[in-house]
Amino acid sequence: MKVGIADTTFARIDMGRIAIDELRKLSGLKYERYTVPGIKDLPVAAKKLLDSGCDIVITLGWVGRTQKDLVSYLAMSVGLITVQILTGKHVIDVTVHEDEADDEKKLLEVAENRIREHVRNAVDLLLNPKRLQKLAGTGQRQGYPDVGPILK
Amino acid sequence: MKVGIADTTFARIDMGRIAIDELRKLSGLKYERYTVPGIKDLPVAAKKLLDSGCDIVITLGWVGRTQKDLVSYLAMSVGLITVQILTGKHVIDVTVHEDEADDEKKLLEVAENRIREHVRNAVDLLLNPKRLQKLAGTGQRQGYPDVGPILK
Amino acid sequence: MKVGIADTTFARIDMGRIAIDELRKLSGLKYERYTVPGIKDLPVAAKKLLDSGCDIVITLGWVGRTQKDLVSYLAMSVGLITVQILTGKHVIDVTVHEDEADDEKKLLEVAENRIREHVRNAVDLLLNPKRLQKLAGTGQRQGYPDVGPILK
Amino acid sequence: MKVGIADTTFARIDMGRIAIDELRKLSGLKYERYTVPGIKDLPVAAKKLLDSGCDIVITLGWVGRTQKDLVSYLAMSVGLITVQILTGKHVIDVTVHEDEADDEKKLLEVAENRIREHVRNAVDLLLNPKRLQKLAGTGQRQGYPDVGPILK
Amino acid sequence: MKVGIADTTFARIDMGRIAIDELRKLSGLKYERYTVPGIKDLPVAAKKLLDSGCDIVITLGWVGRTQKDLVSYLAMSVGLITVQILTGKHVIDVTVHEDEADDEKKLLEVAENRIREHVRNAVDLLLNPKRLQKLAGTGQRQGYPDVGPILK
């Protein structure tokens, strides 16, 4: 089995490197990395990785602060979902929005944590889907602390 | 016949468990459950459940409070509708938006009620579509009290 | 020839009944009715009606007042257009937005008038497309009085 | 070769008539006209015209002033682009938004000019694509005066 | 190998000429140019260029200042991503938004720089994908100075 990792030159953090690092910690899965310019290039990158034999893809996007960036994020999201529907395979989208934090250090922390947690999700979807089922409804968050379930 | 149930680890309530509980109360239908990280993973989850033999799928999504979350909700909705068009089968989408209530207890109540009512809708679509036709235009709501028809 | 009529239990008016009443007044066309819970279920309902032999479908949607409802309306609209493109057949969408009138009586009036006028449109598309061509550019409205053409 | 012309009864100007008039002035091309109720019916109208042998289609839409109308315009636009991608043929979309002018006389002028200029574009795409290439980057506008290129 | 270049008559700069100039500086790749009226015509232009043998396409769009223009940009973006998913080939979208600068001279500068940098990206995707991988996460921008990576 092989994991595709698609990242961008637009991002301000080497998101692909972090994803690969986490993937190696968690599993012996092979991977294929593909870097594109920006988020609107990620859907076809995911499609190409799936076509070249990947069983799942992790896309790593970095989104700017403007309304135009949010519109591009919407187009990317619709595209990534279309790729999944057409191939029947998961594409786990890890998106960091630049306006999530005012502070670069905080943004770095959010991004790294989000990437590592979503790599774990991708590995579980491939190898251990029962772990995700155990976590159903428990308020898992990626990038921030889990919020936990609402208790009766 | 088999019902697919797709839920998320992002949700703060075990929505899948409630759906299964209601399904058992209403019918002897078999089910298959599939848990994914978040709402943008639900369209492919629905597609996979339909491909593995489900006759209908219930997706259980939990949406955050920000404009980004609403954009993700739109992408998910377009994707779920695409899955249905391509397969010719229903995917009943149960979405809870975190900003529907300020109070966790109220949110829990809305969510549980919405899930149970939509499971009923899904069962009726499969087994008893005439019941839905009798309720046409009667202002049914899921999660809140029915508003009822406008009377002449 | 057969007309599909898809309506919802969410609506506060029995839109399907009005559509069938108007269809009978205007033509001897057969019809098939299919009721679903809400507007996001209408695209697959239309697809199923076309697959079961309908030559045209009229969808009858009722949309709430919130921004989330408008987002759902967008997803539904994209879906209904996709169904039409894939099948090459018309789906006439009759949508009533709850915020079109503050007054229930007025809303009822708008809805009934809109349904009846769109049933006429659907019948003409099937049986008498030249009538629509004669009305081209004449400012026809459904639910409100026609605004008429702009005169030189 | 044949040009499809799709227009609506919603429009307040006989857009189809103007388009046909311009087409006759510019070329001896055959045409087929198809009138539908409103803008959300235009994508399937374009698809049907292409399926019946048209080499290009001109759609003529008239959009109301509300946010709901803008949402419908988005759904129509996505649909028209999908039709083009699936068929590999151009659909030239001529849209007039009612809020482009407060004054009916001005709106009529904008609409007529926009239609005539886009008919010219459609004819050029079919018969004389080199003319468009000569105009590349020259700030052409349809409905308003050309703004011209930015000069160094 | 061949590069498709699609541009518009709406743009106020001869974006196609700049792209071709840069392509010649960087490579001996053949190209095919196709000019269309506006941005909503770019997705089918890209599809036609890919169908006629191009291995990658660069689309060059110019977007006006209004909310309607942003909606059209969204429709175009969804369409360009769909073309890529269906063909498995990249379409590098170079968009200039008129409201990015108040000053025409600045806008010209942003546009020219953005085009040249994205032509470089397209050439690298075809001939030298490893260069992009080396730049992953380094905050590359097109049209503005690179922002660089966030350093720990």
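Chains here go by letter, A, B, C, D and E, matching the order in which they are written, and residues are numbered from 1 within each.
In this text, a residue touches a chain if its C-beta (ideal position, glycine included) is under 8 Å from a C-beta of that chain, and two chains touch if they have at least 3 such contacts.
These figures come from a predicted structure and were not determined experimentally.
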Chain centre separation (chain B, chain D; CA means) in Å: 40
Using mean CA coordinates as chain centres, what's the chain D-chain E distance in Å? 25
Residue numbers in chain B touching 2 or more other chains? 74, 78, 82
Assign the assembly's chain-to-chain touch graph to one of these shapes: line, ring, star, complete, other. ring
Start at chain A, step over to chain E, and keep going round the ring; give me the chains in the order you meet them. A, E, D, C, B
Can you list the residues on chain C that touch chain D in the complex? 70, 73-74, 77-78, 80-82, 84-85, 88-93, 97, 118, 121, 125, 129, 132-133, 135-142, 147-150, 152
Applying the document's contact rule, which stretches of chain B touch chain A when the two form their complex? 7-17, 33-37, 40-41, 43-44, 47-48, 51, 67-68, 71-72, 74-76, 78-79, 82-83, 86, 104, 107-108
